[in-house]
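Two complexes come next, and they have one chain in common, subunit A, joined by subunit B in the first and subunit C in the second.
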Partner chain A sequence: MLRRFRMEEPESVKDVSELLGQYGESAKVYAGGTELLLAMKEGLVQYERLINVKNIRGLNDVTSENGSIHIGALCTHHQLETSPLLHENLPALVKLEQNVANVRVRQVGTLGGNLCFAEPHADPGTLLMALGAKMVAEKSTSKREIPAEAFFVDAYETSIEADEVLTEIRVPVPDSKSGVAYLKFGYLERPSVGVAIALRLNGGGKSIHDATIAVGCAGPAPKRVLEAEELIKGTSIDEAGAKILKAGEIAGHAADAISDLHGSQEYKEHIVGVLLKRAFQNALSQC
Partner chain B sequence: MQFEKEVEILASREKVWNFIWDVDRFIACVPGCKEAKTIEAGKLYSATMVEKVGPFRVEFPTTIEVLERDELTRIRAQASGADNKIGSRMKLSLDVNLRQDGEKTVLGFIAGVDILGKLAALGHGIIKRKAEQVLDEFAHAVKQRLEGES
Partner chain C sequence: MSKAMLRHADAQTIPISFTVNGRQQELTVEPHELLLDVVRERLGLTGAKRSCDVQVCGACTLLVDGRPVSACTTLAFEVRDRSVMTIEGLADGGKLHPLQEAFIEYGGFQCGFCTPGMILAAKALLDENPNPSEDELKHFMHGNICRCTGYKKIIESIMAAAKKMRAGH
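Let's look at the complex of A and B:
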């Protein structure tokens, strides 16, 4: 049963930050509530105050600026799966959003809420990491950008400070020689493993100019796998195709996979390799 | 969940043994442990364990019972506690072994931890990882403290 709490209704990010500073751990930002309210109903967490940020203007827009897509943290998953701007510029993110949880969650759950709750079996963080996204965190007196790989600290933990608010996610638009794919595997709504890759070919389209690989869901937090990236960067497409199995093995180990009801550590490591190979082929077909 | 850990300490076995039975100093090395009390010296103790995983905080008022004690060699104990706020229970069985290795003492732990109730919803893997972190921090703190005193 949901215990009694007080709902604060601030009208600006500055007010939210001040409330967070004032009430500390007894208060929590309420963005979509799909994870938070479940945990509260279960009695796993208790807050005296929820700070409803849903009425703050300007935090639920998707815009394009200087080669980047700026996604307001309060955009719902549904808004993102139907955004024309995202369809045109970040189709991999659209596909991911179309498959987040279920239709009820997508209607009210927000991207910012998903990222800040940092549930290990969540999709968006892994793809955003491969896309080189930056999270914008604001408080009363300052604003900063946090690269996706520095945003996730551990299971349910991010680098957002106690009085900071995630306001925007900035995603660079991949160029025409790029391909991006996110693949996941799971039995139910929560994925056991998620793998993302962003590839960019060189001018002639015959070798891999750049590659970013991230794995998520298998371990406590999404993780970028530089060692796997280095293995295929600068190689010809054929060479990269041959090396992707080894890259998958490296990514599997790097995933920090945890044995749980979603699968054993070894199983998840294997699935990372399988998904990376498929994601590589998928991304390559888009270049 | 089963955990095993060994730590080599540059100190005599007597010193390590005495440290284990000095409740205040020992408890100071256990992350998240507070309000330790001796109920019956050498047999029964109480303490409160507080741990956090992200926003999830648990507080287990715990009773620790010493089941066996072989002087300078081994301690077998069990502990249990409940966090009624979040409806979860914790059970722990602990086997502590000491052996001399030259100038060092090897302090070994075998711990069996069971978490029951709503907390288990966080996932076995996450809880196991947290428990491993706690054990690592504890072993490091014991080593630092005892070697620092040498």
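Let's look at the complex of A and C:
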């Protein structure tokens, strides 16, 4: 059961930002509602008013600009899993979106809402981090890009300011020598562990030119693991294959895994390693 | 923030116009009213069930513009100017929909609590993909839970209905 609240329905980002400034913590942005309404029904959070952002035009398109894919924050998971532009340019993100929750959540849940709610057991943040995505945050007077690494602060906490609105997610398109994979594991409704890797081979295709690794779900927020990346960067493919177990161990520790209903800390750390090895092989096979 | 800080929000009403099973409805709802409550309590259509209440089980599935949503977590005002289908609207007069016939013929239910959601989700699937593989069907229906018996007969029912619908019955 939901308690009574008021609904504001502004039609511009500027108006949303002003409403957020005016009402402060008693108001919250409402998009798909798939996370927010659950928390409100459980009585975990309560707001005097919600600000419906779905009447704002231009925030639910997927476009290609200068080698990047720009995803409007209001794009639903369903829109993304069926977007031809994403199928062509970011197949790993399509696969992730096809497996978010279930068909009803994907129908209304938005990518922007998913990221802003920052529920630890969510998929997109981890892959977006490995892809080097940037989040565009706007308010009445300014607009800035936040790298994915700086976006997630803690469980349910992002670096979006109180009167800022996430409007777009910008994802660089990996080149033809690249491979990207996101793998998750879980036996409950939400994933227990998620691991993403983006690899780029050198010109000859014999060694790892660049690698980006991120882990999520196991701890409070998605996290990039530079130390694991450094281990395989610049090495030959065979060498990287031999070192990936060690990289997995490092990533497991870096995940800040906590023991909970999804499993013990040790268990999750182990799964991070297993998934990273598989994700590495998967990404390599695409290069 | 502490709950005590919140004032009790003043009542706000939103007039909405939408169709339910093809029939025009004009209602006034408050922002916090849920589609499931409006459909069950105010329109008397009790086919959709409240079960998990957290968008996991699919017992409250309704179709909005032909796509499945969880009515338990959909604010009622969101269906303004849209079309809603409940299980009560699926049969054509006295004639059952092929999915309904198949669920009866193949024993696709036991207690029946999940059945309205199962059938509406299956309708959404077959409307977009009339010839799904069993894997595609399982993927699409993954969010609809049967807590009685299992899924074998549900899958058989939907596959049989799909075949019948493709043949134009």
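Throughout what follows, the second predicted complex is superposed on the first by the 287 of 287 C-alpha atoms of A that agree within 3 Å, B and C clash if a C-alpha of one lies under 4 Å from a C-alpha of the other, contacts with A are read in each partner's own complex, and residues count from 1 in each chain.
We adopt the following convention: contacts are C-beta pairs under 8 Å (C-beta built on N, C-alpha and C of every residue); 3 or more make two chains touch, one makes a residue touch a chain.
All values reported here derive from a predicted model rather than from experimental measurement.
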Original post:
Does the superposition put A:230 against subunit B (first), subunit C (second), both, or neither?
Top reply: neither
Subject >> subunit B versus subunit C as contact partner of A:34, first or second or both or neither >> reply: second
Original post:
What is the contact status of A:145 with respect to subunit B (first) and subunit C (second): first, second, both, or neither?
Top reply: neither
**OP:** Considering only the touch criterion stated at the top, classify A:101 as touching first (subunit B), second (subunit C), both, or neither.
**Re:** second
Original post:
Who wins on subunit A residues touched, subunit B or subunit C?
Top reply: C
**OP:** Identify the partner contact of A:88: answer first if only subunit B is touched, second if only subunit C is, both if each is, neither if none is.
**Re:** neither
Original post:
Is A:238 in contact with subunit B, with subunit C, with both, or with neither (first, second, both, neither)?
Top reply: neither
Original post:
First (subunit B), second (subunit C), both or neither: which does A:189 touch?
Top reply: second
Original post:
Who does A:26 touch here: subunit B (first), subunit C (second), both, or neither?
Top reply: second
Original post:
Just subunit B (first), just subunit C (second), both, or neither: which does A:6 touch?
Top reply: second
Original post:
Touching subunit B and also subunit C: which subunit A residues?
Top reply: 46
Subject >> List of subunit A residues in touch with subunit C within their complex >> reply: 2-7, 25-26, 33-34, 37-38, 41, 46-50, 78, 98, 101-105, 107-108, 189
**OP:** Name, in rising order, each residue of subunit C that touches subunit A in their complex.
**Re:** 1, 3, 5-12, 14, 30-34, 53-56, 58, 61, 67-70, 73-75, 77, 121, 124, 139-140, 142-144
**OP:** Report the residues of subunit B in contact with subunit A in the complex, numbered from low to high.
**Re:** 53-57, 85-87, 118-119, 121-126, 128-129
Original post:
Which of the residues in subunit A come into contact with subunit B in the complex?
Top reply: 28, 39, 42-46, 118, 120, 154-157, 220, 258-261
